[in-house]
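Both of the next two complexes hold subunit A, though its partner changes from subunit B to subunit C.
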Partner chain A sequence: MNYTKQIQDIASKLFTEGKIDIFIGYQQNSFDDNQVPVLITDPAEIPKLVFSDKSVFNLTNYLKFEHTKNKRVGLVVKGCDSRSLNLLLTEKQVKRENLYVIGVCCEGVTDDNGAKAKNCEVCVMPDPVVYDEILGNPSGKKPYRVDPDVAEVAKMPLVERADYFEEIFQNCIRCNACRHSCPLCYCSKCCIDQETSTLYNGSNTVSSAVHALLTWSMHLAGRCVDCRNCEKACPSHLPLHLLHKQNEKVIFENFQEHLSGMIADDRGAFYKYNQKDPDDFIM
Partner chain B sequence: METQEKEVKGSVQSAENPGLTAPADWQPVIIGILCNWCSYAGSDLTGTSRIQYPPNIRIIRVPCSSRVDPWFIIKSLQATADGVLISGCHPGDCHYIAGNYYARRRFLVIKNLLNFVGYHENRVQFSWVSAAEGAKFAQVVAKVTDDIKKLGPLHRYKKENF
Partner chain C sequence: MSFSIYETDKQGLTAFYDAVAGKFETYAPVEKFGKFDYRRITKIAEGNPDSPIAATMTVKPLFFPKSSPILKFQENKEETLISNNIEGDLSSGKRVILGIRHCDARGLQVLDKVYSWDFIDTDYQKKRENTILVSTRCDKAGVNCFCTSLDYDVENSDAHDVKIVNGLNGKIYIKAVTQKGEDFLKESPVSLKLAGNDSDEEMKKQYKSFESSFRLKMNYKEINEKLQNKFDSPEFETISRNCIGCNTCAFICPTCHCFKISDEKIRDTGVRYKSYDSCNNTYFTLMAGGHNPRPVKYRRWRQRAMHKFVYYKERFGVNLCVGCGHCAISCPVNISIFEVVNKVANS
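Now for the complex of A and B:
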């Protein structure tokens, strides 16, 4: 999966035609062989652009910032990224006419160790769902599978599981990088840092981390697209996907919903209801 | 010596922290979040009908069961509560037409999520109680209190300074 040449060609064409102000892509990191996002405003910088299976980040995250918000933007999306873009369009956070989207049919990206990334193993949609131009050959939708990590943790007895999660939450340093790196966390004032809120006061307690992480994952329930930007950003390497994939599993198994962002104008499971939803847990 | 043995015998173990116990006469604190139009009126009827129910529940009135943010549940459990009961109108009876249908989906997800991260599934319970079901409300509170007495005190993630 190497589309460096094609993406550079498309970017320079877009700049010469004057269709975009900013191009968001990937560039080679200067000190190791990983890639980092780059925002290009000058066509002279186009040779910096690269794309390979090391292009792990979800670039739609950059659409929420002040410097890109009302500009004409060209960007590269993989399958999961295009699902989050679909949600941003549905939630009216970006304008479709401002975007030029290069969709890449993803063959799976690699993690830091060079192995296939874990989220690619349970990927349901490797092809882009929103694009102006498509690179590669679409391989089609894949069936939904329960995340193996979630299944493993769910099998533990209650006390063991509680200890397991307490250890995870104790490692959280409350930097909020998970929120900043999430393309769907675009609120300019987040509930987590309301100054008057007594909820999150005291960032040095485990309970405040639990409160923040659980609330955050509830805000993303039915919306998370499993791009795992949060995990890549986490300095403590917490397995944050456990929370999201657990919610996704419950929603998928009980509400028979589409997975988030798969179709246009689908706002996710919590924005609609069915009278036949499960009721047996309520007295 | 005798009194010590007696205390250990009668002490209540925490379901999530088996090492931690409470004295035998320990009483749980339960936060009840009730919707204004059905369950709160139902609990009112329980009182005016002079039906007895356990005094462990502390009731908060909200406009609708869909007003219940997952925050409320998490915050209650991190404060003094050992359990949470959320109650609203029966499906189809919502004062705001469909509020409880939306709420029901969130309840299922937050209930499973809390269980997943290590809270016992009976810590957070839900019920539909209409304004005419005073007797049912008493039964529900009795059942929830009973369940949480069995689970013992909640020690995980308690916040000390609010």
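Now for the complex of A and C:
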């Protein structure tokens, strides 16, 4: 999966035609083989652009910042990234006419150790669902599978599982990096921000971590696209995907096999009423 | 004043660590979710004092916790009662921390300046006095490390009490660096053998090999002087473009010390907490009237970089950044403060 040349060509074409103000892609780290995002405004910087299986970060996260808002943006998306872009479009956070999207048919990215990333193992949609230009050959939708980590945690006895999650919350330092790195967390005022919230206390105690992480994951229920930006950003390496994948599983099983961001203008499991929706939890 | 140097081997060191862990309240890096954090241990097998620097959190939380109660209050009809007696006394007894890095220890030395400035933080001071830092010198620099390029002497640093050096000849040297460390080694629960005359030479050799493994090097004096005139540099805008504003860099930095005060209240009683905060946070400078002097990201980045490399040095005479590279390691988009200050200084 190497589309460096194609992406560079498209970017330079876009700049010469004056179609974009800013291009968001990946660049090579100077000291190891990992890649980091790069925001280009000057066509002279185009040779920096690369794309390979190390292009991990979900770039749609950058669409919420002041320096990209209301600008014409060109960007590269993989399967999962395009699903989050679809949601941002549905939720009217970005204008489609401002974007030029290069969709890449993803063959799976690798983690720091060179192994296939864990989220790619359970990926349901490696092909881009929104794009102006597509690179690679689409391989089609994959069947939904329950995340092996979620299945493993579900097998734990209740007490052990409680201890395991308590360990997670204890290690949380409340830096909110998970929130900031999530492309779907675009609220200008967030309920887990200690400064603006009266719902949650401002301390970084375990109880506040429980509140913050659970509320955050509930806000992403039925929306999370499993790009795992949050996990990459977490300085304590917490397995945050357990929360999201569990929500995804519950929603998939109960809401007509709903998967987030797969189709344009799909408002999500919590926004539409269906007669088949379960109501057995109502007393 | 010269302090004693002892020599031992790998097994001897493990025995020494084990004995220390059995006798004192000991902390060492313990692995949790693939990341090492300083935790209480009773046997050395529970932790790993030689944990890789790239996967180790800083030691700062043992002195300045991510969240600590500072007072309790209770309201009744007539008055509000305030008590400083917090459950589980904040200041601890005598502690030993194993496996701390030279840069991390220097971070505490840098923090001492601000904690003994206009307000004396007695809790922090007490913890510092009661703690013995046993530092292991790295054998090889990490990709993001640049401690040797800064304003302190890493080789002869006195930020820790005892240093452990893995000699290139296979011997391990344990050296007391302060009087506190000297006394600690004298009362060591296992008997240690005094090192031969070649120990200083061997430790120098190890340092030379360590020093040559650095990828990042800079001329600190030059950077510091150049940065003083770069407040209006347009480069701050360019370098901050990639930043996603996640605050991680400040939370895991061994020297970042900004905090916020908040109350946790249930009905009439509550606790006031002091918790970490970050200058990269949009709300950090938000005033009650709604004005925010640093509303955009590049201004917040400018504050971070200039505070680390210029303002703190001006006020306290030491550089706030210790070159540990924790920020670059944890940054989801690999922004390194080293690159930032170099780019801005040379713009």
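Here is the rule we go by: the second predicted complex is superposed on the first by the 272 of 283 C-alpha atoms of A that agree within 3 Å, B and C clash if a C-alpha of one lies under 4 Å from a C-alpha of the other, contacts with A are read in each partner's own complex, and residues count from 1 in each chain.
Everything below uses one rule, namely that a contact is a pair of C-beta atoms (placed from the backbone, for glycine too) under 8 Å apart; a residue touches a chain by one contact, two chains touch by 3 or more.
Just so you know, these numbers come straight off a predicted model, no measurement behind them.
Look at A:Phe165: by the touch rule set out above, it reaches subunit B but stays clear of subunit C.
Contacts of A:Asn137 after superposition: neither subunit B nor subunit C is touched. Of the two partner chains, subunit C is the only one that A:Phe65 touches; subunit B does not reach it.
Looking at the shared chain after the overlay, A:Phe57 reaches subunit C, while subunit B stays out of its contact range. By the document's definition of touching, both partners, subunit B and subunit C, reach A:Thr205. After overlaying the two complexes on the shared chain, residue contacts for A:Thr16 are found with neither subunit B nor subunit C. Once chain A of one complex is fitted onto chain A of the other, the partner contacts of A:Ala154 are limited to subunit B, with no touch recorded for subunit C.
Of the two partner chains placed by superposition, only subunit B is touched by A:Asp277; subunit C is not.
In the superposition on chain A, A:Pro239 makes contact with subunit C only, not with subunit B.
Common to the subunit B-facing and subunit C-facing surfaces of subunit A are residues 201-202, 205, 208.
Listed in rising order, the residues of subunit B touching subunit A in the complex are 15-18, 70-71, 74-75, 78, 91-92, 98, 101-102, 104-114, 116-120, 125-128, 140, 143, 156-162. By the touch criterion stated above, subunit A contacts subunit C in their complex at residues 29, 31-32, 34, 36-39, 57, 61-62, 65-67, 167-168, 171, 173-177, 180-181, 193-196, 201-205, 208, 229, 232-233, 235-239.
Listing the residues of subunit C that touch subunit A in their complex gives 32-35, 37, 57, 66-67, 143, 215, 241-242, 244-248, 250-252, 260-265, 273, 275-276, 278, 281, 283, 286, 296-297, 330, 332-334. Those residues of subunit A that touch subunit B in the complex are listed here as 153-154, 158-159, 161-166, 169, 191, 198-199, 201-202, 205-208, 210-211, 214-215, 217-218, 221-222, 242-243, 246-247, 250-251, 254-255, 269-270, 273-275, 277-279, 281-283.
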